[in-house]
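Shared between the two complexes below is subunit A, which has subunit B as its partner in the first and subunit C in the second.
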Partner chain A sequence: MAEVSLRQVVKRYGGFQAVHDFDLDIAHEEFVVFVGPSGCGKSTTLRMIAGLEDISGGEIQIGDRVVNDLPPRERNISMVFQNYALYPHMTVRQNQGFGLRMAGRPKDEIEKKVNRASGLLGLKDFLSRRPAALSGGQRQRVAMGRAIVRDPDVFLFDEPLSNLDAKLRGQMRTEIKKLHEKVRTTVIYVTHDQVEAMTLADRIVVMRDGRIEQVGTPDEVFHAPASRFVAGFIGSPPMNLIDARTVASDDGVAVSVPGGPTLPLDQSVFDHVGPDRPVTLGLRPESIAPERMAGPMKTPFSFSADITLVEPLGGEALLFLQMGQAEVTARVFRPSTRLVPEKSVPFLTDLAEMHLFDADTGVRLNAKTAHES
Partner chain B sequence: MKSITGAALWLVRLAYLAFALFPLFWLIRISLTPDDLLYSEGTTIWPSSLTLANFAYVIEESPFPVFFGNTVIVSLGTAAAVTVLAAGIGYAFSRFEFAGKRTLMVFLVITQLFPLVMVITPLYQLLAPIGLVNTRIGLIVVFTAFNLPFAAFLMHSFYEGIPRELEQAAMIDGCTRFQALIRIILPLMLPGIGATLGFVFTAAWSELLFSLMLITSETKKTFAVGLLSFVGKSGVDWGQMMAAATLALIPPAIFFTFIQKYLVGGLTAGAVKA
Partner chain C sequence: MSVAADTPAATGRSPSRTRRRFAAAEAYAYLAPGIAIVALVMLVPLAVGISFSFQNYVIFRPMSRGWNGVENYLELWTDRTFWLALANTARWTFWSVAFQLGLGLGLALILNRPFPGRAVFQSLVFLPWAVPTFLSGLNWQWLFNPIVSPLPGWLTAVGVLEEPRNILSDPDLALYGPITAMIWWGIPFFAITLLAALRSIPQDLYEAASIDGASPWQSFRHITVPFLMPMITITILLRTVWVANSPDLIFVMTEGGPANSSQTLPNYVFTSAYKSMDFGYASALATVLMAMLVIYSILLLFVRGRLGQ
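Here is the complex of A and B:
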């Protein structure tokens, strides 16, 4: 059993604070992904859990041990590095067995475990090769094999797929997911790729500037982003974030897009939002569609906009439209007719999928919805 | 077009080889030339007859074998001492952050700026009271001091070529820092160690200035100093001097043959994505 908990963890480099009061509890066998742009402190936090960086403040616990002052070798963790970090002078077999050899385990046990891991990862044919004679994907697999063999309490992955080309990255992502099904262990995975985060994670930790922006399931983070930053970071293409202003209307408050439509606010969700307040309106590209090809919507709202550009992608198409002064992206799945730039096209968007953020702080203004509770 | 470029390249290579190897050829040619032909035949590419008399004299009658032994001891001693120390210093500079690190590194560079002649007198006065003048140990100490800064920089750059993640992976895999150094870093440092050994050995082997100033007794002389003894009052004995010099080339040649496989880089290939 290995839960991991971080309490008020801080990292300072001289006067620069890289990580601020990081609080997180990770459950046994949970797959947690730290995601954020480069320099957000996600790798630093991972390296503090590994023991490769000192902790400037707070407490890290793995299982029931506080590991603050334990060297990496005593934490019973294993780590997969972005550049694989295979030992170049050892064969694949020796690379995988190194940790067990250091622990002084008997030869036949090492042999058995290396064979099992190699079987899981399809490395059986390469056991006597050196890393130099392997492809990038194979090296990545050896690095994972080396991690599995030791039966660690926690697996740490530091951007393991960043060095692979796009196709291989997709394959390895699937393999990592399958591997976690077979080898149930607590996993902490760092990436800057939100697709990896969405597909792999039980829970996502979105970080920015050394702070946690949001912790939640992929569903929560996608459907109820806690801030404008999370909204813009998770999802591809990203959520449309439009500068707007709340105004008083006949039945309460509405949000007005400069030079564009005025969208009524659902009072049960936004009853605390008064009129005349600068806000950021968030609409996912998936929740905007031309009226003639829109799917079912909970609370449809119609407006008219000019299509300025179309990017057909086969099974779907991206439309760029002018909504008042704002350029907005819409994502249409299996468009029934050919789409071309066009003036004054009737569009629908779903008000139930609308997000509102404070213009200054970026904090989410929606009241708790089903996704958040 | 391609073949013309190729031919031109070969021509350049041959010209360079001739330039580099001609002195060596001339050395051997003179060492094999009988004394009486050396002046009588003038400058010819090859003498009309050959002799091993110069070599026989150098080996059997001159004190050269003693000089030779002294040089082997001093050069190997220096190479070993410098390499071990430079390996430690290079590692510290590459992997640790400590107060004064930059200053220290700059200081090491500055030591390389001074002409060595400047320090001969002070050095002599430093070494004389502690009995290190006119000893082989004294030479090893001095050579080590002068070669260490450059060797430390050389080692440092080799350490920098080894990704830190390798040590970190080893430390996660159960190694202490020292075990990671011995089991992972050291095997990958062999080219760096070979290069440093080779560089320092050669430098110590052919050193003349300090050996000349610090060694006075005939039994402690190194061969570079010994070569000067072929310069007599009545003239220079070229044949014997060249024979001695030819013999002196053999140990470095053997040494480099021995370490050359470690000098070839590319050992870390495959450790990380290039």
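Here is the complex of A and C:
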């Protein structure tokens, strides 16, 4: 059993504060992903949990022990590093068994556990090779094997896939997910890749400038981003964020895009938003489509825009359109006809999937919806 | 496939063979100047030196010069000073290199950790290496002199000596004077090379090891030492040959005395050649020393090869 709790954890380097009052409770066997741009403090937080960095304030608890002052070797954790950190002078077998050997476990136990881990990871044929004779993906597997063999309370992954090429990264991502199904353990996984975060996580922690922006399931952070930053970070292609202004209209308040359409606001969701307020309008590329190929929408709203560029991707296409002064991306699945740049095309967007953020603070303005809890 | 079979080699024509031969010759032509220089400055003097060892060649007696077969080597076999010098060379080299390695490694490990003033300390540590051996020999000679230096008094105070006296004039201890000077002078060389090797060890291996549950000692034993081993063997090899061949500190501090008690082979070679003026005998001594160092080097390189597997 290993829950991990962080209470008011702070990291300072001299005068620079890298992590601010980090609070998080991670459940037993939960897969939590820290995601954010480089320099957001996600790796630092992970390294503090591992004990590779001292904490400047707060408290870290693993299981029922406060581990603030314990060295890494007493925390019963495993870590997979970005560049694998395999011992180059040892074989795959020795690399995996290193931790158990250091703990002075009997030979046959080490043998058994290494064999089991190697079986799980498909490493049986490489056991007597050195890391130098392995490919990047194989090395990453050995690093994971080394982590599994020790039966740790918590697995820590520090950007484990960023040294691999795109295809291999996809494969390994799937393998990590399968592995977590087989070896149920608490996992904390750091990445800057939002796709990894979305596909792997039970819960995502989006970080920025040493602070947590949002904690939630992949569904929550995608459908109800807590801030403009999260909205722009999660999702690919990213959400369209359009500078706009609220205006008074016949039936309440509407959002006016400069030089473009004015979208009515659903008063049940935005009853606290008054007129004449600068806001950021957020529309997912998936919720915009040309009228003639739009799917079913809850609250369709039609407007006209110029298609300036088309990027066909086979099963889908990205359209770049001019919505007033803003350039907006639309993502169309299985376009039924060939799309080309043209003027004044009728478009539909779903007002039920509209996001609104405060222009200054970036805070989400939508009232609580079904996606939020 | 018929196109592939129609190559010159398959049809038995010869131009490719001559061209190959020419290409090989061309490589040797490029190498020739280098080989010529090496031969001129190394191989020829070496051959001349070895040929001296089979001659009766004493500068005072030019008339009696001539080949005398292995006579010099037979003389050497019965020469008590030779055996003493050989034993002293082994002692001198072993203790010097062992302490240089131990202390140099310790120093490198200390300098590898950050601490305030490390840059200054580091340059100070490497200072002895910059001092000419001749000067450091003189300095250490004074340091062992009880009249001008407190060192013999301190050695007495900690119980190493029973009274403050000059160990350089004690036949049983004289060699340890130059050994001390050699250790002091040679530590920086080990420290520099081992520090460079330490810095090349990726830091995340230590992090991985600490997470794997390794204690600091286990990290040192299973990561630092294996990484340093190739550098350690090559440095020991270099330093052994270097120390074994170097007469200067002993010459400055004791001149091999008192009564040959601190005589090593290089010193004995020097004394035979330039004091007794017996070039033949000196060459025989030098040849024996060289042969032993060559065998030692081969053994060490063999061990290193085994370690690398």
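The criterion applied here is as follows: the second predicted complex is superposed on the first by the 373 of 373 C-alpha atoms of A that agree within 3 Å, B and C clash if a C-alpha of one lies under 4 Å from a C-alpha of the other, contacts with A are read in each partner's own complex, and residues count from 1 in each chain.
In this text, contacts are C-beta pairs under 8 Å (C-beta built on N, C-alpha and C of every residue); 3 or more make two chains touch, one makes a residue touch a chain.
The structure presented is a predicted model; accordingly, all values stated were derived computationally and were not measured.
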item	value
Subunit A as common anchor, with subunit B and subunit C clashing or fitting	clash
Touching partner for A:H20 - first (subunit B), second (subunit C), both, neither	neither
Which superposed partner A:A50 touches (first subunit B, second subunit C, both, neither)	both
Which of subunit B and subunit C A:R116 touches, first, second, both or neither	neither
Subunit B versus subunit C as contact partner of A:R105, first or second or both or neither	neither
Subunit A: partner with more touched residues, subunit B or subunit C	B
Subunit B versus subunit C as contact partner of A:P71, first or second or both or neither	both
Touching partner for A:N163 - first (subunit B), second (subunit C), both, neither	first
First, second, both or neither for A:G136, with subunit B first and subunit C second	first
Partner chain(s) touched by A:Y87 [first = subunit B, second = subunit C, both, neither]	both
Doubly contacted subunit A residues - partners subunit C and subunit B	50-52, 71-73, 77-79, 81, 83, 85-87, 89, 98-99, 102-103, 146, 150
In the complex, subunit C residues that touch subunit A	202, 204-205, 207-215, 218, 222-223, 226-227
Residues on subunit A engaged by subunit C in the complex (per definition of touch)	50-52, 71-73, 77-79, 81, 83, 85-87, 89, 98-99, 102-103, 146, 150
For the subunit B and subunit A complex, residues of the former touching the latter	163, 165-166, 168-176, 179, 184, 187-188, 267-273
Subunit A residues within the subunit B interface of the complex	50-52, 71-73, 75, 77-79, 81, 83-89, 98-99, 102-103, 130-134, 136, 139, 146, 150, 163
